[in-house]
Amino acid sequence: MRLFRRLLPHPILTLLLTLTWVLLTSTWTLNSLVFGFLLGLLIPFLTQPYWPQQMRLKNPLMIIEYILIVLYDIVVANLVVARIVVFKPNAKRQPAWVAVPLDLLTPEAITVLAGTITMTPGTVSADVSAEGHALLVHCLDAPDPNAVRDEIKQRYERRLKEIFE
Amino acid sequence: MNHFLIAPVVLPALVAPFIIMVVRHHMDLTRIFSLASTVLLVAISLVLAAQASTGEVQVYELGNWSAPFGIVLVLDRLSALMVLLTSVLALIINLYVIGSGWDKRGANFHALFQFQLMGIIGAFLTGDAFNLFVFFEVLLIASYGLMIHSGGTRRFQAGVQYVVYNLLGSTLFLFALGTLYSVTGTLNMADLAVRVAEIPAEDTALLRVGAVMLLLVFAIKAAVIPLHFWLPASYANAPLPIAALFAIMTKVGAYAILRMYTLVFGPDVASTEGLAGAWLMPAALVTLMIGAIGVLGSYRVGRLVAFGAITSMGTLLTAIALFSPEGVAAALYYTLHSTLAAAFLFLVADLVSERQGIEITAQRLMPQSGLIAVLFFTGAIAMAGMPPLSGFLGKLLVLDAARDHDLVWWIWGTILIGSLITILGMARAGSLLFWKSHSIRETDGPQETQPYEEEANEQDELQQRPRPAALPFVACFALLSGLILLTVFAGPASHYAEATAAQLFAPEIYIKAVLGKVTP
Amino acid sequence: MFFEYLIAGFLVMAGLFGFVGSFGLLKLNDPMSRLHAPTKATTLGVGGVLLASMLHGVVVEGHLSLHELMITLFLFLTAPVTALFIAKVHIHRHETKTSLPKAGEDGIWATHNVTETKEAPAEDQQQG
Amino acid sequence: MIITYATLFAFVCFALAILMNLWKIISAAEIADRILALDSMFINALALMVLYGIALGSEIYFEASLIIAMLGFVSTVAYARFILRGNIIE
Amino acid sequence: MSLFLIAALPFLGAVFPALLIRAGRNASASAAGLTSFLAFVGLMLHAPAIFRGEVIQVGVDWLPALGLNANFFLDGLGFLFASMILGIGLLIILYARFYLSREDPMGQFYTYLLLFQGAMVGIVLSDNILLLLVFWELTSLSSFLLIGYWKHLPEGRQGARMALAVTGSGGLAMIGGMMILGNIAGSYDLSVILQNKDLIQASPLYLPALILILLGCFTKSAQFPFHFWLPHAMAAPTPVSAYLHSATMVKAGLFLMARLWPVLAGTPEWFYIVATTGLVTMTLGAVIALFKDDLKSLLAFSTVSHLGLITMLLGFGTKIAAVTAVFHIINHATFKAALFMSAGIVDHEAHTRDIKRLGGLRHLMPVTATIAIVAALSMAGVPPFNGFLSKEMMLEETVHTLWGGSHYVVPGLALLAALFSAAYSFRFIGHVFLGPIRNDYPAKPHDPGFGMWAGPAFLVTLVVLIGLFSAKLAGPLVAVAAGAVIGGAELPYYSLKLWHGLTPALYMSGVAVVGGLLLVKLHAPLIRAWNAAPRPEAKQIFDALMRGLTKLSQLITDGLHNGAITRYAFVMMLFIIGISYYAYASGTITAPTREVQSVGPITVIAWFCLIVATLAVVAKHRQRQLSLVLIGVVGLVVSLGFNYLSAPDLALTQLSVEVVTMVLLLLALNFMPKDSPIEAPMWVRLRDGGIAVVGGLGAAALIYALMLRDFALPSISEFHLANSYKGGGGTNVVNVILVDFRGYDTFGEIIVLGIAALVIYALTEAVLGSRVRAYLLNRKPDMPQDGDAHPMMMVVATRVMMPLALMVAAYIFFRGHNLPGGGFIAGLIAAIALLMQYMASGFSWASERQRMFYHGTIGSGVLIAAATGLGSWFSGSPFLTSAFGYLHWSPLEEFEWATAALFDLGVFLAVVGAVLLALESLARFAWQPGMSSEHAMDINPARDDAAEAAEAKGEA
Amino acid sequence: MGFLNIEFLVASAVGLLTAAGIYLILRRRTFPVILGLSLLTYGVNIFLFATGRLMVDAPPILNKYAEVPYTDPLPQALVLTAIVISFGMTAVVVMIALAAYLSARDDKIDMPHHPEDEGEDA
């Protein structure tokens, strides 16, 4: 087991990288798998020092749900935002800053949250607070900033909390 | 396959990375490896020279791809001669640099030095036009590093100019190569020769543009006026032993002109007729004169010698611009001479400026003044082309070769008057540096008020430097012996030069060796 | 045929969103709002193209290639960072501590959290 | 056939988008806007290249898009960091 | 003794005095003397043969290509001169031993003297005019050293440089003349040239050759108007003056005129140039000499005058004049050397050479006085001394010489010269030695030791003996020497004796002596008149000329090379464009052979972006960061273009290079001003714009013309396409070319990268080792900084990207041989992956994680590439021969291996190392204390909260 | 629209990049000169690339399955080498320019000229 750990310090990463290799080469052969696996062993070994603390996932399965929700939101928000951009006069638009207090603590989780906020059109994560306990979000058109904040916390942060912490 | 051809390129290319990887922090080991490599290089060059002296042209097909599809190295008398000259010079300068401690004044000196040799030798040996470009870049970028070795404001400023100017030259090189490739469909020099000869007479304009741009590139390296402006500041502000090594670099330009304009765009090729002749000769003569005037007008030691180097390039190019076997033979003899002479004088200039600064002014009597004065005097004689040293013989050869040229009076006049001005300039400098100092007593203190703080500082550093050992003098005397040997054995040397010129003017031998076929 | 229409649909959608993204860059009148626009180009714009490309590979060319997923992955990783930095530039140059909402318990947003420059260090300190 | 038209449509859209990006890069008052426009241009160019691959039915041009997706942001971040910190690697 | 040895002995011996000076002054002098003596003896061994009329020849090829042979010959003329050079040289060596003071570096003196002696002997023994030129210029150089021997005296330094300038330039002119002469005669061997009088004199180049050669002779022999250097050369120690200006250097010009007399003389050109110059010089020198108060100046101008005399005689072109010239050469050498040495003795003992401060020395130093008086009388042309004889013969010749149809010009001026000659000689005697003893000498004079007066005494003995027994003593020598001068023709009738009867010459001599005495009497009023008369001062003219020349050179040099690379580059562009246009215009061009290819709107839009962005870079180039952004656009469009035009490898490379370049530029810009001021005036910008437009149009036209033409010859790349897979094992032909067909280029290319990194490293060391370091450490950012140096999101994103990016790098690397990609691009991607870490978490933090030894990375890259290349030696193939094959390991499918991949690995490593070393260097510039952080990100609630909690716990 | 052909577009791009490069190289500060060198490098790289003539959709990647045209691979290889080399050169010139600026605290590219006072002439 210890030997296994030695050889395979990041089994998930190795797996992901092997998959990446197969994706990249788009060749579904044994050669490709073996070679990808070898690289999947080597590269984590090389990059490990840059990621000193191991990321722990408490609830990996929820990721799928999260992804689906985000994808759905992206599509919807895109349409909404496109309408705002094209049709709504600037004067009628109500851009706003929203401060989102964070319950998340791990950098990875916060980053995913911020990324989600940015990737769903209409909101952009613009900054974090000095100690990392709040997120500054800018909204393209938010007559009610508090609603935005609550939705972020409800829809995304809650789920991320479950996944990561 | 004669692996000796690639050896002088691969040897420094292996030693340099070895030095930076393994012995970078051990100066003594670094020196030993660098020196040993240079000694070995001389040995290899001797073998090559011996092989080339049979008159056979040898070809080395890199990657086992035959010309013109792969890159080939070609060894003929000319390339062997240049490689030998380079490695001998390198050995001597290496000794000097080690002896004077210059190599310790900045990082990575020996690695850059080895790479510099690799670049120069690679350029001499290659038979491929684009590969010539690559090795030009190798030698240039190494020279950038050596030029700014140990730093300092003026050196950096001059370094920027040197790099920028040469980058323009490199760009022009690519324009020229692109044009030539587009017109001829090849990059191999022998193949170029074959194809250029086949270009139909009604379609020469674009080929001519390519050919002349190539000539201009080489003219930049060879410091032909008005493309010489990079040289004085670069050489004068470089560490002077490096400037001594650079004496061979201008010759790379001259070599390339010689190679291309005998092999590819030779005097008999109709489509590129009159490209070089029309302006190269006047330009060479003006170069010579501007150099001589510069010698007289210099107020710094390095600059003095730099202009001396320009003068000698002017003389050399005058001989080349004759484009006759006699002219080329004279040029080759003069190349040997002027490389050694310029290097010699640069080393002497370094001895001087290490002791009393870079200005040509009377200072307190420097240590070893008498010996250095003798060296300077001999160097000046060599540089100015005065008897009895080889410079005089070289000049006579050039004068003699020019006697049937249309511009013979201009050539003779310029060379002779140039010599006069040079010797006046050298006499002025020498008498200020070595004689006038006898009339300055120890108590007088330094004469000059320093123009600005920076230099005052450099002056301070200069006082603190340890006094150089005997090795620098050994290097100087080695170069001097080279000049003397070249004088005494002028007959054999000029005979080799003649044979080389004859080989150059019979390009079909080269072409047959490379392509395995004769010019149609 | 269905797949061809699907591909075409993706492409048209991609084109539209791509266009709108850059159009917003011109049309929107305040800098932070403009920052929203390109997000569409990266998501549905490029996303649509990539989807179309993958489908095209399978349907038209007849072989499965999923390396478009790699592009998507990289874009989703990098776009938020890009946006963050551009937003920070804006905040750094144009927003003040008071023009932004309160930063909760930390009191200040990171961009404004400038520690006073330290005393000039002594020269003899060795480099780390 | 329809794919061809759709591709062409997307081509034109993204090309126009690039033109608008260019306009913004040239004319914006704020450096942040210029950086943003350049970043958008990178993304649109990426889309163009993928479209080109679709149009030609070739995968050979694909890696350029991959490189843009992976590296394009490095320049953008570098520009922004330059304004924010001066030193982009500290 | 072989002539070789005679010529070489002084040179060989020259090293000994300098070396032996450590053993004492006597040793040094003895070495010099012995050398001279041996050479002299060697010469004398040939005397019998010479007097038999034989010519001794010896030769060896030196530079046959040129016709420069080390051929020597000894005939009467050479013998005469060689014996003077060596004989008087011996006396000078002896004299100098006692003359030079303890402070003078005697070893140097004798070394220089022997060098000079060797050069002189070389001149007179050369049987090859090129060889002669070698020695000729050597005399200029060695005399430079001798004249400047007293380095601390400005007069010495200036005199030396003046002599060098004048004689050196004459020598260079002579080179031209000699080359012409040799070309006319078809040989540079004197013995051949001397046989070709008719050929030479008939040549249209006769006159140029004559003028050029005479320039050499006249400058060397101090003929008017080049006479001025000689008096200034008197700053040299007296032995030098005595040697150079009596028997040797100045006589070299005479020697050469005599040597070439058989082929050059006898024409009107020769007569009018040579005789007139001689005549004028003789007269002028004599007149000036009378008014010189400095003993050595007086003697110098007297020398000028006598040289003029001999020149004039040679110029007459008659045989009898030539004989006279030879005779006077001998006589002048004897009395003038004696006089110089006497003057030196006076100077040495009385510590002054100023005639006005001397007088009455006859009483104090009788020996010296006797010697000097006899020599001076000879110089004055007073019988029975030898000077009288030759002067008599000279006057006789003048009487028979017509100048421009006049009978009186030559004898009249000659008489005037003789008169002044007598006058200055009498003044020399009268004002120095006669008269009462004074009590205000700077030092109490007395006769020196024997060593010092032995030399002059010997010479004066000759003066007397030759005067009395001329036919016996000097006759044979004159005969053989003159015989050589006139080229073996029959000697005319002449007799060397005191009494020829009452000839016109005797009357003239009488007038000269009487008139001379009269002039000495009238000296006081005359010198007042002389001093009042305005006359050009040669030294001032020369100095002004040299200063002007130097100033002009400085102006030209500094003006041309003023450090303004903007102008250098402008000139370069102009020249390149001009010459290229000339090349184009002088050729011919046919109509295009290819059709243009149409484009769609997308391409035009991309092109439009490129154009606009490029123009914007130019327009906005002063805003530096903005122009970088704009260049980013240019780079992007160029990459798109490469991709569009079937060059995916180029697109990939361009894109990744772009990123690294941008980062480097931004890193550098951090330290530099962020804007460029407008500095060039409008006209300069217009000018630059003009040349830029012309250059751009040229480049565009050239490539347009090239693209529209198919030249008849197929490209070699057809071979590459055909053999890439078969011979190189790859389907990506570009990559196969890079790593195989032209792998040697790539080898050079990675070395360029490696060197670049080494240069950058060395430069960083140099900068950080200078005062700049303090500035950098204390540098304040020039723009306000934001508060979050290492943002959390960036850190997290790059952490995730790092393994992915490396994966992509691996992918790009391995596919390169068959699909776009390869080691270089992969290297850049890997480097950028690390760069992302650096940007996110700071350099210090990141590089601590990865103690990568960048020098080693570069080195190993180059070594791997080289080793791969060398590996092919084992199979007997040339450097960089690739090999590839296919392996089948069950259960895997077949896969390809290729040494090219190993080579590409070298490329990869070199690129990674080079990029990172460059970045590291810039990071070191930026490093300031307090910058390195132990944390990857500035803000991390997980970390901070945990710490706070722990702290709270601890407190509790 | 006779000029709307690939050859013209490429040639004009080369021309403009070259012209812009030349103009910037003639400026008096190091930084614009470096910008100019970059533009000039683009220009010459495209020039060199175009000497192989231009083809769309014919990359020199050998196709096992079909006889397809290939564009000339050689200039591409040459341009790759040139890009790499000019990358190294750019890095070096940037660093030297920076060093010069830091040492002199001045980024003028023309060197300050100090004609020294003439001493006594020997």
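By written order: A, B, C, D, E and F. Residues from 1 in each chain.
FYI, a residue touches a chain if its C-beta (ideal position, glycine included) is under 8 Å from a C-beta of that chain, and two chains touch if they have at least 3 such contacts.
Since this is a predicted model, take the numbers as computed values, not measurements.
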Shared touching chains for subunit D and subunit E? C, F
According to the touch definition, list the chains common to the neighbour sets of subunit A and subunit D. C, E
What chain is the most remote from subunit C, judged by the mean position of CA atoms in each chain? E
Based on mean C-alpha positions, I'd like to know which chain lies farthest from subunit D. E
In terms of C-beta pairs in contact, which of B-F and D-F ranks higher? B-F
What's the distance between the Cα centroids of subunit B and subunit D, rounded to whole Å? 48
Intercentroid distance (Cα basis), subunit C paired with subunit B, Å: 55
Rounded to a whole Å, what is the gap between the Cα centroids of subunit E and subunit F? 37
List the centre-to-centre spacing of subunit A and subunit C in whole Å, with centres computed as mean CA coordinates. 13
Give me the residues of subunit E that touch two or more other chains. 154, 157, 161, 546, 550, 554, 558, 563, 565, 569, 628, 644, 648, 669, 699, 702-703, 706-707, 715-717, 720, 741-742, 745, 749, 752, 755-756, 759, 763, 766-767, 770, 785-788, 791, 793-794, 797, 801, 804, 808, 819-820, 922, 939
Listing for subunit D: what residues touch at least two other chains? 11-12, 16, 18, 31, 35, 59-61, 66, 70, 72, 77, 81, 83-84
Subunit F: which residues touch two or more other chains? 25, 30, 45, 47, 50-52, 57, 59, 61, 74, 81, 85, 88-89, 92, 96-97, 99, 103, 109, 111-112, 115, 121-122
All pairs of touching chains, please: list them by chain label. A-C, A-E, B-E, B-F, C-D, C-E, D-E, D-F, E-F
So in the complex, the part of subunit B that touches subunit F is made up of which residues? 130, 134, 137, 141, 144-145, 148, 151-154, 156-161, 163-164, 167-168, 170-171, 174-175, 177-179, 181-182, 187, 233, 299-300, 359, 361-362, 428, 431-432, 435-436, 447-448, 451-452
Mind listing the subunit D positions that touch subunit F in their complex? 56, 58, 60-61
Subunit D partner, complex, touching residues on subunit E are 601-602, 605-606, 608-609, 612-613, 616, 625-626, 628-630, 632-633, 636, 639-640, 643-644, 648, 651-652, 655-656, 658-659, 662-663, 666-667, 669-670, 781-783, 785-786, 789, 794, 801, 804-805, 808, 812, 819-821, 825, 829, 832, 835-836, 838-839, 842-843, 919, 922-923, 926, 931
Residues of subunit A touching subunit C in their complex? 20, 23-26, 28, 74-75, 78, 81-82, 85-86, 90, 93, 95, 97-99, 101, 111, 114-115, 117-119, 121-134, 136, 138, 140
Quick check: in the complex, which residue numbers of subunit E touch subunit F? 154, 157-158, 161, 543, 546-547, 550-551, 554, 558, 562-566, 569-570, 573, 594, 596-599, 603-604, 607, 610-611, 614-615, 617-618, 621-622, 624, 627-628, 631, 634-635, 638, 641-642, 644-650, 653-654, 657, 660-661, 664-665, 668-669, 671-673, 676-677, 679-680, 688-689, 691-693, 695-704, 706-708, 710, 715-717, 720-721, 724-725, 731-734, 737-738, 741-742, 745-746, 749-750, 752-753, 755-757, 759-760, 763-764, 766-767, 770, 772, 775-776, 818-820, 824, 914, 918, 921-922, 925
